[in-house]
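Consider the two complexes below, in which subunit A is the common component and subunit B and subunit C are the respective partners.
So, the complex of A and B:
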């Protein structure tokens, strides 16, 4: 992606989000003044928010502020939106990263094995796993996971990022508690935080796994039926070398796209997972803001999510060049 | 494949070891109260600005007031708090409070009459959303120096006319009556904001608790004030965690990771009831469900039609089915436990009676629209109404929309029927009487959109004057009787059918004692709680 295309994408994202925010049937003024306010109070706040100005003027002011790193102040909690995002985004980043890690570590090998042993019992299992992952409502799966692993077995920590005994125990450096507890050398907090993140991360990881394994299988099948693979086998090359050195090497570029997309989806914030597990991440932040008509927070969150997509795209482009000489 | 197998086995073993070695806690510590609640409505901690449920919960435990409710004896009404006594002038317009000696703010500064003067003046000058609770007594930014004055250890407030003392004092128990530490707040003033920006996220009170941290949509952590003038609270730390889901709250409660779950739905209440060590409390809150009829509608403005519609509501059917345990039948605009509240509910579902009344009014084939906000219980109520109205030949078309869509039309007198909820703003009967039964100017030009009577284009036919009279009546008992009479007339004549009053069902660990949520009149109190 070039600088120009990044700029155009960002502007487009800002414009569309801004317009949607203005035409949605929610009322930021009502959120502030309450439903019993008099007309004069309502009008005063309406003007104070600049809503009396033409849409394009409002949009221009907004762009100007964003370019200066100012997402505005949350209409509801009166804090700078940038501060709120700094607080909630690391929670999502931590959860999504662990989730996608599960997805890659388990999904890629599963996809490869399923393709190599096409039609075998392991292939059938991989397909069922992927199908369940796609079709099972995450809300139900999350609640069942909590009920079994937390409520009945007591193997994992409950909702929230850490237990009540460990809230604010380690100083926040990155905002990601696992990393902060390592930096602080506090292994008790690390263990507790891990016990809280393991279930939601596994859940997200499962969805990522379902997608990654299915796509890996499909890419591998395509490669394994290619003539160069037959040639390699005829030449007497070992099966491991055929699969990993030839077939898998050729799907890496496609896999990068799949993994990047999967990661971006998780980073957007899996709202339902965050709600079930009381995980204060960016997904639930944007959703709460949207339902409360806090458009500054919605726009700020959307810009960050857009940036993530763009950064992951750039990163994917860079990796293409590493893995595919033709892209250089 | 061996390498792969090894990798997968190692990963699985690693996870298993990690998760099975997690410590499991049977219950929270004896000096700590942990609550699961939906706290995403907190927008500010400044008592001059806070006007939401979860914010009021925090404020009540952080800020002392001149007068306050005793959580263990709510029925006694307002009691001395930071003011130990008060006197009323002969003309009934001035109340002079004598401040309690020896009380300190969390900062260590003494609580003085000057702090009370500053706090009340500040609330009027800032003029935030709840400011009307004070400004309705005639206080304005221009006159507060004369009307709210400290002198030594006393504070005198002078209203623009005589009001019932109970009305004024009840209003001072609202969140906006919180007394802030003037020195601390002034030290954090920025651009003449009277410390508003700082107090949005910080506290400067003298109450039982101080806020250690507030993370929006995440948690509020409070620590006890060992110098609290009523004695150091037993719960040294109170943590309120934002837990959106009822099922999640129930799991946390049953596992002993929280002490109180405040948002359990009827299914989870039923499930938690049978769990050993868990108790369920029912407490009446102030929220009312009602329907109202636009009096600009030619048919709905007929008295017989208004009456008929009150007979076309399946009160018991709804209470005993989808509202089970969450709402109780209540047909009066003052919630139970309010001064002047009555518990007379004369209307029941009576299709024949309704048909008679409609025939008497000469109405047939009536088709009307009801506006409902997109909330499950409201939609279900509207659907029940649609069913029972149809039995009397009335077609009720349900329009579901967002708050903006429905309220905008309601405030513009554009709906035939509105189905919604109303919660009192402060613990005095005037809060509801002054909106349901009060409408001094019914003209379109008046634009009194804050008054429910105006929104329904209802000329109250003399009730406005009666509400005015009740609000200045000095005798508490006489005043209560006046509200009884107003509500009796209202029930019969008003284009409002009050349907239900909210019951809050709370799950708590059995070892948690003395937790009161504040009933219909105030917010939760943590300081009497013991384990």
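So, the complex of A and C:
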């Protein structure tokens, strides 16, 4: 993606969120001043919000604000939406990153092995594991996970990011508690945070694994039947070298797309997971905002999620050029 | 001198309709010569080549009384020992360099890899060797080609690179599986003559698999004609026009000839009896 197309995509995204904000049957003035405000108060706020200006002018004001990191004020807590997002997004980022890490570390080798030993028991198991990952509702798996590993076995921390005694113990630098506690050198908090994140992260990782392993398998099958694989075998290479040095190199580009997609999916904030685990991430933030008609928060969150998608796309495009000589 | 001795080679593939025999009891020997294997699509010629290298993957099954290379029966070798045979003793050039070269590795890396798999050499030695090999297949500006990727090469160059890569470990036998079928007619001869020169210089045995009768009769010393997984006829390439088997005759007659133009070319009539007749031995 070039700089130009990024700009156009971004503008399109802002246009859509702007229009949604205008066509929603929620009067932004009314939700600020309240139903019993006088006509003059109403008009004053109406003008203050710039709603008396033409739509196009309002759109430019909107873009100007967003470019300055101003998403307006949340109606729920009267705080700037941008501050809220800055607070909730690292929680999602932390969870999603750990989740996708699981997905890659386990899913890619599983997919490769399933393709290499196609039809074997290991392939069948990989198939079932992925199928379960695709089809089990996450709220059920999440609740069962909590019941078994937290409720019965007590192996992991319960809902939330840290135990109640550790809230706000380490200073927030990145907003990601695992990293902040390392920076602070506070290993007690780190352990506690880890025991809280491990269950939801494995759960998200499982979904990522299901997708990544299936796609890896089909990419690998395609490459393993290619003629250059025969060439590598004719050279006298070991099967392991044939698979990793030759076949795997050729699926890296496709794999990047899949992983980026999976990551973007998790970064959007998996609403159900965040709610079940009381995870204060962007998914539960947007949901709460939606249910209370807090449009500034909803639109601000949407813009951020859209931005993440675009950034991940740019990133995977850049990696293409590194991994595929034909893309230059 | 016999380099390779193949006795009663079968290649089978289990299918839903039962077992399909791609190669049915083929026997032949290969000396320091250019042996052509000719046949139509599905006659088992490529499968024969790949079975010798034990490249038929499951569920395909290969059986043979023996495939002897320098007194060693390849059928009894472990997969690990077989890896020492591949590349180092028997090598293979495939049809289309567009598909047979790894698209995301530089040509240099691929050639160096082929060399270093079978020789204890430093990277620098392997690099020099690869440059020399590329020059031997008439590639100019070898240093630049080493850094290039396969998609930057033309078909003829690709195939010469392929030949360089397959000959760099100095194998005894080269199997060329339709090496010129994917190339422009104009570069076919060039590639063939380079291959011929190198094979002759090194005293190698060449198995040349092709469906092109004219090419084979010009290029090879001896020809095996395969039909439905069997060898139906063996003859000296020079005497191909005197071939006796009706299938070979049919193939020859269905070729257009510049010196004897005809209004209608003969259509090959296949006799079911051909596929039932036992395989002719291809021994010398």
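We adopt the following convention: the second predicted complex is superposed on the first by the 288 of 328 C-alpha atoms of A that agree within 3 Å, B and C clash if a C-alpha of one lies under 4 Å from a C-alpha of the other, contacts with A are read in each partner's own complex, and residues count from 1 in each chain.
Methods note: a contact is a pair of C-beta atoms (placed from the backbone, for glycine too) under 8 Å apart; a residue touches a chain by one contact, two chains touch by 3 or more.
Fair warning: this is a prediction, and the values are worked out from it, not measured in the lab.
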item: First, second, both or neither for A:157, with subunit B first and subunit C second; value: first
item: Partner chain in contact with A:324 - subunit B first, subunit C second, else both or neither; value: second
item: Which of subunit B and subunit C A:174 touches, first, second, both or neither; value: neither
item: Touched partner set for A:120, first subunit B, second subunit C, both or neither; value: neither
item: Contacts of A:234 with subunit B and subunit C, given as first, second, both or neither; value: second
item: When both partners are placed on the shared chain, which of subunit B and subunit C touches more of subunit A; value: B
item: Overlap of subunit C and subunit B interfaces on subunit A (superposed complexes); value: none
item: Subunit A contact footprint on subunit B (complex, rising order); value: 1, 4, 7-8, 11, 15, 18-25, 28, 32, 34, 40, 42-44, 51, 129, 197, 200-201, 213, 215-219, 221, 239, 241-245, 247-248, 251-252, 254-255, 257, 401-405, 407-408, 425, 435, 447-450
item: Of all residues in subunit C, those that touch subunit A in their complex; value: 50, 53, 55, 79, 83-88, 91-92, 94-96, 99-106, 113-114, 117-118, 149, 151, 162, 165-166, 169
item: Contacting residues of subunit A [partner subunit B, same complex]; value: 25-27, 30, 32-39, 41-42, 74, 76-79, 84, 87, 105-106, 109, 112-113, 143, 146-147, 149-151, 154-160, 163-165, 167-168, 191-192, 194-195, 198, 275-278, 280, 284-285, 288, 292-293
item: Subunit A residues touching subunit C - in the complex, by the definition given at the top; value: 226-228, 230-239, 245-246, 249-250, 252, 323-326
